[in-house]
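Structures given as structure tokens follow.
Two complexes come next, and they have one chain in common, subunit A, joined by subunit B in the first and subunit C in the second.
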Partner chain A sequence: MTTYIIRRLIQSTIIMFGLSIIFFFMLHLAPGGPCDVFIQSQRQVIQHELCVKTLGLHKPLPVQYWYWISGYLHGNFGKTTGGQLVSSTILAALPVTVLLATVSYFFQQIIALPLGMFSALRQYSFFDTVFTFMSYVGLSMPTFWLGLMLIYLFGVHFAVFPVGLVTDTHLPVFWTHDWFVALAHDPPLIIGDLARHLVLPAITLMVVGVAADSRFMRASMLDVIHQDYIRTAKAKGLKRRTVIFKHAFRNAVLPIITNIALYLPTLVGGFVITEAIFSYAGVGNLFVQSITSHDYGVVQALLMLSAIAVLLANLLADLTYAWVDPRIRYD
Partner chain B sequence: MSTEISQHELMQETHNGRLLRVEGLRTYFKTMDGIVKAVDGVSFDMPEGSSLGIVGESGCGKSVTSLSIMRLVERPGWIAGGRIWFHDKDLLHLPEEQMRQIRGDDISMVFQEPMTSLNPVYTLGDQVAEVVRVHRKVSRKEAMNRAIELFKLVGIPSPERRIKDYPHNMSGGMRQRVMIAMALANDPDLLILDEPTTALDVTIQAQILELVKDLQQRVNTAVMLITHDLGVVTEMSDRIIVMYAGRVVEDGDVLSVLKDPLHPYTKGLLASIPSLGKKNQRLNVIAGAVPNPLRMPQGCKFAPRCPYVMDVCRNEEPELLTQGEHGERKVRCWLY
Partner chain C sequence: MQDPELMETAVLSDQEPTPIAPSDSSRMLMGAEDDQLGIRQLSQMQLFWIRFRRHKVALVGAVILAFFVVLAIIGPYISPETYEGSGWNPVALNWAPQWSWHYLMGTDANGHSILMYVLLGARTSLEVGVLSAFVATLIGILVGAVSGYFGGWVDAVWMRITDVFLTLPFLPLVILVSAYLGGGNAYIIVAIFGFLGWSSVARLIRSYYLTLREQEFVDAARAVGVSHSRIMFRHILPNALSPVIVSFTLAVAGFIVGEAAIDFLTVGIRPPSVSWGIALAGAQNNLILGNWWWAFFPGVCLLLVVLAINFLGDGLRDALDVRAKTSE
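Up next, the complex of A and B:
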């Protein structure tokens, strides 16, 4: 098992190296650059040159790549165009995204798995038909449109939820020292505020996932309940509950585990759109801003970060799989 | 039909130790093209501790009959009629909860496919102990000990270690032993074996059959063996039922049926067993194929393939009638 993990980590490192080349050159091949703000008028030529020199953009691309990647290997992730550390910029935005991810992902599974399961157990029933219809609606709905509609309906028209931002403007910013102080002082107020701001973005992010995962669970469950061992379980005189939740469920979730992990890349894309729509100050929002301002350092770091997340999620899925399915052994 | 039932009533008086009685069982399946009558009026009796072999080609309804007894017929199938008496309970009219308590306790079943009939994600010990615990109030440890005991009974070597194994660690023959252990866990009155050796190698087949035969004598369980192999029935059962197209066509004790088959279908089945001694002999086959279940012939279902076919056979279906002075044999054929 340990050998397997080590082997996979080595493989991942090689993949990351390849990806870093692609990320780097892709960005630099695109027209424009971080110093473009200074070429609006003739007077700023000197400033533009200064900017290019400071960021080392006049050097050949391979040399620039070398500086960048060797910096990473030394734990130096570079600076933003604004002069701040890339690492601290990202770390400041990360808790917001982690919060959004955890909450939406948790509820996505909590909703999707039972939905898919009951749909399979009542195949072709009224519930199943309605659910199938709804999930196709959910699957085909663009995230940005759903987000805008939710804002319009629940944020503006009914005004039940706040539109945008992570916390109210009169409250301290999430995950800062002031915020923790406020949390200790009045937990219901702070948690409630956070939750109210979280509802709409989380739903926006969840809908496609719920639709996809529940369809997958339905198919998997349908496959499992027609297996011979389910008939055996019934022939043993087990209660229907036991047959479904003990014998069918565990086998049905096996393929879902992979699905959940492989869904992560889609989720990264979802963050970018959702956070941008809701001006939710997370990593996705930071990503959009950095692209608009050609902030190479931040964009590259975020790309690397999501690549690592995807690779780790895959490894985690494989390990979980071995843990729940006794037939799978890594040695 | 009326004569059929009266025959059963006669038999009931002679069999006081009756265990199971199937009366006019009909199990149908709904398909896109119409209703398939997989089992259409099957009747038979089983005394306590007896052994019965049900023989027939694929699709003749023998497996569906056994699933109907367990009430495990799944949609789109349903039991359309008939009665199944087990001791003095009418299984088809029992509430599901009571039926559940019978399954795996009083009646248990071993299926055809040992490779897929065990749950891949639980240990063998867990799966055997589970059937003990669902019907008996015992602790987890006691159930595990019972599992070890059962593994010994069915001849699984080093059972203490094997209970911790998963199905994929075992061969097909060993898995079938586990299935048998599971079926015997609560000392059932009736053990149904649905083609228990079809998926296994010949040598393993012999071992499993030997095991069942041995167990039958030791635990005094009535055994219903479903197979397409006449040789197996000869070895294992006292009585034989031959099924064709969802009906019983012949019913009698094994020796007399084999020595003197009455129904042309039984004759054909016996003739089609290749004999080892004779070389270069063409295999005897029953001409034609099983009728399409959606377009059953009007009269006798075997008429299109029968070498003795008469005009009456094509128009009217014969009933299952008693033959012989003592009423010990039954056949569904116009010849008698």
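Up next, the complex of A and C:
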């Protein structure tokens, strides 16, 4: 097992190296450098030169790559074009994405697991057919269109939910010092405000998620209820409830739980489209904004972080599989 | 075409998937007992059609898709206007849908007919989707075939490269690259999708080649001196075609959504080209005015096309008897 983990870590390191080269050159060979914003302004030449100097853009590319990657290994992600630290910019956006991800994932599972379970227990019934059709619709749903329709229906037509942002503009920004002070002062107001802004983006994410996870749960449950030990449990005369919840459900839900690991990368990658639609100031939104403002540093850091997260999550998922199911062995 | 009993015999295998290779199961169905039972021999194509026809939803998907293919072909001819031919129209700003062909789906903030977006966008969507899937599948087949067939260090190197591409965050990278290279050209977007999206196909093809290259017909071909490339693409590839067809179909759906997504984020195709994603992007900023039709109709088309392709892909998966294969 230890050798397996070590081998996987070495493999991941090699992959990360390849990825870092791709990310670096892809961004640097592309037209429209980060300092080009200054060309349009009045004090163009000096500003531009200063920007080039601070970001080290006048040095040869391999040298730049070396500075960049060794900085990363020391935990130094560089600076944005605005002069802030890249790491603090990302850290400011991270809580928003984590909030959105955890809340939507939680409710997604609460809905998806029973749906999948009951449709497996009543396979080929009317409910199962309708459910299967709906899950196809959910899986095919373009999230950006769903988001727009939700904004129109609940934000504009019925006007029950705000159409964007994480908190109201007159309230402090989420996860800052002021916000915590306000939270301590008036918890219902702050939490309520946060929740109202969270509803529409969370639903947008949940539709696709529920469709995928309930399908997965259905397949997993079908797999389990045809096993011998379920027949044995029934033959022993156990109550249907006991068979379903104690014997079948527990085993069927294992693959779903291990799948949580594969969900982790979204925590750092963010939800690019959903956050963009709702102007939800998370990591995904930051990514899109950084691309439009040609901010290399942030884009590179986010790409690297999400790639690392994907690699670690894959490893974690494989290890959890082996942990919950002792029949799986890696050599 | 076929009598009912025959159909029942033929479709037995798709009710309860059994671990038998496609060629074996069809051989069993039309095999040795032919004479006693009086069963007519069925070609692979006929067997496929019998299984596919059972999948009602896939048929519905095929019909919907056919409708949009027709729309993509004749759309520009029946469209009430072209994008360039209809500039700012102060008479018809933000009109709700009305009972006339021109304004059937209302207009946008410049007076363009939404019907025009729907009709012309069908071509863009399908074109980009199919071409991207074609490019990605082609690269995937090449890489998968070479590394699965030769094995050894070739395999090791190509699979590490494939791993790198599998790990790439697809959507963020597509957004990034098309923001830098895009500039409204559909073919650049096809190239980006194709270049970034081949890795899963390569993995799939490789896994088929790993088993197929050990079979007797490959040894036989090698023994009579058939060249490597001919064995790879003329002897082995036809046996691995079913998973290719299924993954191609599902890739089309994925790339159609991807294309609409980058158009929506305004880093993909740009006006005067027309696409459903462009319509949605324009609608986003004006939704607050309550003009739902602008986003609704192009979005419904997008949903229908993707849904139809997914249904079709699922039907094909059952009919071609493709099972999920683990990669290593």
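Note that the second predicted complex is superposed on the first by the 282 of 331 C-alpha atoms of A that agree within 3 Å, B and C clash if a C-alpha of one lies under 4 Å from a C-alpha of the other, contacts with A are read in each partner's own complex, and residues count from 1 in each chain.
Everything that follows uses one rule, which is that contacts are C-beta pairs under 8 Å (C-beta built on N, C-alpha and C of every residue); 3 or more make two chains touch, one makes a residue touch a chain.
Being a predicted model, the structure only gives us computed values, none of them experimental.
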Fit or clash for subunit B plus subunit C once both are placed on subunit A?
-> fit
Which superposed partner A:233 touches (first subunit B, second subunit C, both, neither) | first
Subunit B versus subunit C as contact partner of A:148, first or second or both or neither = second
State whether A:188 touches subunit B only (first), subunit C only (second), both chains, or neither.
-> neither
Looking at the overlay, does A:269 come into contact with subunit B only (first), subunit C only (second), both, or neither?
-> second
Determine, under the contact definition given at the top, whether A:324 touches first (subunit B), second (subunit C), both, or neither.
-> first
In the superposed arrangement, does subunit B or subunit C reach more residues of subunit A?
-> C
Subunit B versus subunit C as contact partner of A:75, first or second or both or neither | neither
Scan A:83 for contacts with subunit B and subunit C and give back first, second, both or neither.
-> neither
Vertex subunit A; arms to subunit B and subunit C (CA centroids, nearest 10 degrees) | 70
Look across subunit B and subunit C in the superposition and give the shortest C-alpha distance you find, in Å.
-> 7
Shared contact residues on subunit A - subunit B and subunit C | none
Provide the residue numbers of subunit C that touch subunit A in the complex, in ascending order.
-> 57, 160-161, 163-164, 167-169, 171-173, 175-177, 179-181, 253, 257, 260-261, 264-265, 267, 280, 283-284, 287-288, 290, 292, 295-296, 299, 302-303, 306-307, 310-311, 314
How about subunit A: which of its residues touch subunit B in the complex?
-> 227-229, 231-239, 242, 247, 250-251, 254, 324-327
Flag every residue of subunit B that touches subunit A in the complex, lowest number first.
-> 70, 72, 100-105, 108-109, 111, 113, 116-123, 130-131, 134-135, 166, 168, 179, 182
Spell out the residues on subunit A that touch subunit C in their complex, using ranges where they run on.
-> 11, 14-15, 18-19, 22, 26-27, 30-32, 133, 136-137, 139-142, 144-145, 148-149, 151-152, 156-157, 163, 265, 269, 272-273, 276-277, 287-288, 291-292, 299, 302-303, 306-307, 310-311
